[in-house]
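Two complexes are shown next, each including chain A; its partner changes from chain B in the first to chain C in the second.
For the complex of A and B:
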C-alpha cells in the first residue's frame, strides 16, 4: 500500500487520473523522465557506434554533394571580380550604352583583376554564355593599364565589343552572386539578348537528347534485366537448395569480378574481330565482310550494362519469390486454374514488390552509369554521365557538370518518391 | 451409367519419392460418396502424400486412382474439380476475400451475376457475409480459415480435401471450427477427405478414420470402433490413452486367452484379438477408464493389488498412476462423480477389469 501511494505525485491532481501527466516513479520523478534517463546510455552507445560512419558519410558524401549542387548556381568569381561594375550597372536601364560611371567601374575592376590574375575565370565564365567574351575580357584587362580616362572611349578603343549594348546586358545579367545559366544550358536553353529564355541554336542542342537517350536506354536495360532475371529468380527460389546454391554462386560471380574486366571482356566478345562475329562467320550466318558492329555503339552499352546490372534485378526478385509459398500455386490449380493462369493471376502479382524493387534499383544504377558506356559505348552509346565526366575533366565547366548532375539527382529522387508511394521503400531488400 | 457409391478409389497405389523407400505401400481405399473420411497418422506416415496424390500434385508411382469410377492418374489438378483447403489457408494476399472466392468461378467462366450469387452464398455459409471487401491479412486466423473453406466449396465440388486445416488455430477456435466444418459437411452432403495428426479432431468429425503408419493403413473404421476395438497395438497406442502390458499367450480358447505377463507380473484373461497363437508375444491394451477400483468379488476376472504412485486432479476426473503387475506406468481414470472412490498416494487398492476390455494385440 505504501508503494502504491508513493507512485502518486504529491499534488492532488492525481485523483483526476490523467495518466500522461500523473504517472511518476516511486521517488516522484515523472515516469517519462526516468525512462529517458534509463535509455540515454543505450542511445549514446548506439550513436557512438555509428559515429565513424556518420562522419565518413558527412565528409565524403554529403558535403561533396552539397558543394556540387552549389557549384551549379555559384557565380561568385564573376560577382566578386566585377563587383564595381555590377553595382554601377544596377541603375542602367539596358537601353543604348551605359554611362561613363559604369565604364570607369569596369576599368577599375579590370585593373584589379589583371593584378590579382582573377580575370581568367571571369573570362571563361562569360565565354560560356557568349563565345568571344573570353578574348574581350582578357584583352581588355591586359591593355587597360596603358589607357587614360575617359574610360568609355578607352574601352571601346581597346575592343569594339564595349560599344555594343549586348555586351553590357550580358555582364549585367551574369554578374549576380548566383546564376541559373548552367541549368538553362543543361536543358539546351539560354538567355537571349533581351533577357528572355530561348532554346539554344539547333547545333548546340545536345543535353535534352542525351537525357532522353539515357532514360530510354535505362528503361530498355531495366526491361531486359527483368525479362532475363525473372526466370532465373524463379528457378533460384524454387529449386532444391543444393542446385539453388550453385545457381546463386553463378549469379553472384560477376560481383566478384572487376567491373573493368567484365566490360573489357565484352569488347573481346563483341568487337568486329571478336569471338561472336568470328563464330557467326564460321557458322556462315554472316559473310566475312558483313561483320556486325556490336561494340562502340548503343548495342555494346545495352548488352554490357544489362549483364552487369542483372544481379541487382535477380536478388530482390529472388528475395520476394522466396517468401511466396508454393501452396498458393497449388491452391490456384486446385481451384481450377491451368498452370499459366495460376502463374499469371496468383504468382506474378505477388512478385510485384520484387519487380518494383529490382526495376527501380537497376534503373537508378543505369541512369548514372559511367565506366561501361565510356568503354564500350563509342559515340552513340554515350550516356549523360559521360558528359558530366567530360565537363569535369576536359572542358572544366564544373558549373554545367554540376547542374546536369543535380538534374539527374533530382530525377532519381523523384523516382524514389514514386516508388516509396507505390510499393514502400522498406520492401526493398537484397537477398 | 449410375454413379458408383464410391467417389474415390485407390487401387494398389504405391508412392516413392527417391526410388529407395515407399512412402505409401499398396494403398487400397474407397471413399464413399458423402462421407467424412479422415486420414490420421503421425508425421511421415504417408497421409499427406495420399492427399496430394488425390489432389493431383503428386503422381502415384504405381497403381490406379479412380474419381467417380474414372481413372485420374493423368488428369492435371485443375481438371479434377476437387476443392482443397490448405494448412496455411493459401488465401491469395493480393485479392480481397470476395475476389478469392470469385477466382474459381472466374476460371470456370461463370457469368458475373451467377458468380456474385455464389460468392455471397458461400460467404454467408461461413458467417462472413460482410467481409467480401476485406483483404485476407485483415482477418483473424479463424476468419481466414472460414474463407479458405468457403473458397474450396464455392464452385460446388463433389469432393473437398483438407490438409490439417486447423493446425494453426488455438485450442478453443479449433474446437469451434471442427464443429463448423462438420456442420457444413452435413448440410452440403459433400464428400470430405481430411488429413490430421490430431486424434481428437479425427474422432470428433469423421464418419470413418483411416489410421496411417509407415505407409500402411493400420485400421479403417468408425471413430467408436477405432477407439473401443483397435485391431493392433499401434492403433491402440495412437488413439486415446491406453495401458500396455507385455506378455506371452499361455493358452487361448475361442475369443478369450490367458496371457502370462513378463517380469512375473501375473496372468491376465484377455480378449484374443490379434495374437499369433499359443506362446507368441502379445501386447495387452486396456483403456484407463475401463479399470474399476474396488470391484465386487466375482464381478470381473482380472483383479490385482495396486500401489498408488501419483494422483493428478483434472476436474472431471482424477488421473491415478499405480504400480500393478510389475508396471508402474499404469493409469486409471477415476471419474469425479458423486461418491467416487477416495484413495491416497501410497495406499494399496484393489483394481480390476473385464476380459472384454483387455485386448490382446500384436507385440
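For the complex of A and C:
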C-alpha cells in the first residue's frame, strides 16, 4: 500500500502544470479510487489466503497456550465444590477455630460433593498443598451422611484435622477461584501456616535448580553449536560449489534423519560398552575397568543435543555468509589489515545477523527440548521440560505442569525482547 | 510422468477401497480395550478376547497399549466429553483416585460379575480387600528382586531384602525402579522394620527420613530403570547383579528365555490390577464382556500365559501349566504359599495421600 502511494505522485508529476485535473481511468472513475479498489481486492484476497493458517495457529497454538496459562491458576474445582464454606470463611479472622456456621457450611459442601462425586478433585488439589488432606476430605465426605448436627463436634469426630486451625486456614487460602500456589510450587516456595510465602523445605526443592540447569545447558549448547558451526558455514559459503554441495548434503543428511534414530545412535556410540569406549580401551587410552560414563548423564545430553541442533546454527550462518562479498576482505587486506584483524573486524561483524538468528533459534529449541534428554540424560541430564512431561503424564499435576510451562514461555519471550532491543528482530536472517 | 500419475491414482483408489472395506468391518460392534501391551496384553488376548470374539462373532476388540498413562487419558477424554475407551486396565491406586473424581463408573459387583462355580458371590470370591467401588480386580502381581545366579558363588547368593542393601556382602550394582514406591518400603525392611509396620513407620517424617538415609547407602550403586522390560535386560547384560522387577517379566526371562535368574520372594510388594470403565461406557456390551472375562475360568486361563496370580480365590486351584513350556505355573504365582511368606501389600490409600510429596522428595533426592 505504502509503495503504491509512493509511486502515485511520481506518475502524477508527469502532468505538471495541471495539478488540479485528477487522473481518471477510461470509464471516468478517478484513478486514485480505482487503484484503491484494486488494492482492497488484493488485500482481501491475501487475507483470505492466509486465513487457513491464521485459524490453524489460533486453534492449535494460541488457544492451547491460553488454556495452559489459565490452567496454571485455575482453582475452580475447589472454589465451586466448597463454595458455601468459602463464603462462610470470609468473615473468619483466622484465629482459633471457626464458628459452627462454617462447620455447617462445610458439612453441606461435603454432602453435595460426595453425591456429585466431585470431592476427588478437591481432595487431590488440597493434597498438593498438604499431604494427608486427601484422606481428610475423602474420609469426611464418605462419613458425613451418617452424622448429625452440631457439625463442629461431628466433623472433629470424623477427623481430628477439623479441630486444627491450620486445616481451616489452608482451606480459606485455597478456596478462591484463582490460586498462585502452582507458581509458588514451581519456584520451590510455599505458603506457611500464617499465609506468608516461604521457601520449601530443602528436601523438596528441585525446580529452581532445574530452571538454572536448563538455562545453563542451553547456553552451553548454543556456544558449542556456534564454535562448531561457524567454520563449517564459512567453508560452505566459500568453497567452490562442487564441494560445497557435497558438504551441504553432509549437513542436511542428519537434519533429515529421525530424531529418535540420531539419539539412539548416540547411545550406541557413547554407552559403557559402546563404540567410543571400546575404541579407547582398544588403543589403550583407558583400561577396561576405567570406561568413561558418557551417556545417561549431562555429557550425553550435551553431546547429543549439540549434534542435533547444529544445522539450526549452520543454515542461518551460511545464508548470511553467502551474501558477504569477498571484496570487503580484499579491501581490508589492501588497506593493511593482517588476515586475523581483517577477519575479526570486517568479516565477523557482517555475520552477526546470522549468529544472532542461529543463536536464538538453537537456544529457544534447546530450552524446551524433551526427547533427547529423556533418552540420554539419565538423572543429571534431565531438563525442565522433562518435568513438565512428568507432571502431565505421571503425577497428573496439570496445574504445576502449566505453571512451569508458562514460566518457561515467559522466559523465552523476555529473551526475545532483549534480543530485539539489542540486535533488532528485523535483522534476523533465517536463510 | 503419465505412468507415474496412473500408478498413484491406482494406489489411491486401492487405499480408498481398503478404507471402505475397513469401514464395513467396523460396522460390526467394536470394543476398545486399553491395557499395558507386551506379554501382558497378549495373555489377555489369548485368555479373554479370543474366546469372547469366538462366542460373539459380531464384536471386534481393539487393543490400545495406553495403560501406563491410563488415568491421564481417561481424565482428558472425560474433560473433552469424547470418551473413546470402553474398558481400561488399571492399577488399584489410580482406580481409587479416578473413582473419587467421578470419571469412571461405579460397579455393582454381585450384579455384574459371575459367581464362583460353587455359587459363592463375586464379592466374597475376589481376594480380600481388592474390590473397590469402581474397580474389578483381575490379577495380583508382585514387584520383587531377582538376581543373576551366574554372578554369585553357589550358596553365597542373596535371599532377603536385607541382602539387597548389603553391598559388602553381595557385590554388584542394583537395578531399582525410578519411583519412590517400593524402594521406601524395602529400605525400611532392610533397616529392620517388621513387614507389617512399614506404612506405620512411613507415616512419620522420621520414618521417611530413615528410609531415605537407608537408600543413601545404595544410591551410588543403583541403576535406575523406568520400563518393565529393562530389569531382565540389565540382569542379562550383567550391568547389575540384582534388580527389582515385575514378577511376570522376570518369570518370562527365567523360564521362557532360560536366563540364569532367581527370584527373591522375601518382601515382595504385591499390587492388584484390574478393569475400570470410563464414565458413560457401562453399556450392555461392556457388561457382557466383563461378566465373561472376569469369571473363574477366564482368570485361571490367563495364568497359562503369564505368571500373575488370578484375583479370584476360586481360580487358584484351576491354575494349570504354562502354555508354551508346559511347566507347572502354581509355584510361580505370587500368591503361592511358599512365595507368600513375607509379602508387603502396597498400600494404595497411603500412596494416594503421600505419593505427590514422596515423588517430589524422591526426585530431589535423585537430583542431589
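Definition applied: the second predicted complex is superposed on the first by the 393 of 431 C-alpha atoms of A that agree within 3 Å, B and C clash if a C-alpha of one lies under 4 Å from a C-alpha of the other, contacts with A are read in each partner's own complex, and residues count from 1 in each chain.
Here is the rule we use: a contact is a pair of C-beta atoms (placed from the backbone, for glycine too) under 8 Å apart; a residue touches a chain by one contact, two chains touch by 3 or more.
Remember, it's a predicted structure, so these values are computed and weren't measured experimentally.
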{"item": "First (chain B), second (chain C), both or neither touched by A:392", "value": "second"}
{"item": "Partner chain(s) touched by A:134 [first = chain B, second = chain C, both, neither]", "value": "second"}
{"item": "Which superposed partner A:286 touches (first chain B, second chain C, both, neither)", "value": "neither"}
{"item": "Partner chain(s) touched by A:261 [first = chain B, second = chain C, both, neither]", "value": "neither"}
{"item": "Touching partner for A:338 - first (chain B), second (chain C), both, neither", "value": "first"}
{"item": "Touched partner set for A:120, first chain B, second chain C, both or neither", "value": "second"}
{"item": "Partner chain(s) touched by A:330 [first = chain B, second = chain C, both, neither]", "value": "first"}
{"item": "Contact breadth on chain A, by residue count: chain C or chain B", "value": "C"}
{"item": "Doubly contacted chain A residues - partners chain C and chain B", "value": "none"}
{"item": "Touching residues (chain side chain A, partner chain B) in the complex", "value": "325, 327-328, 330-339, 341-342, 345-346, 349-350, 352"}
{"item": "In the complex with chain A, residue positions of chain B that touch it", "value": "55-57, 76-84, 86-88, 90, 92-94, 103-104, 107-108, 151-152, 155, 161"}
{"item": "Residues of chain A that touch chain C when the two form their complex", "value": "116-121, 123-124, 127-128, 131-132, 134-135, 138, 203-206, 209-210, 273, 379-380, 382, 387, 392-397"}
{"item": "Interfacial residue positions of chain C with respect to chain A in the complex", "value": "69, 71-72, 75, 97-102, 212, 224, 237, 349, 352-357, 359-361, 363-367"}
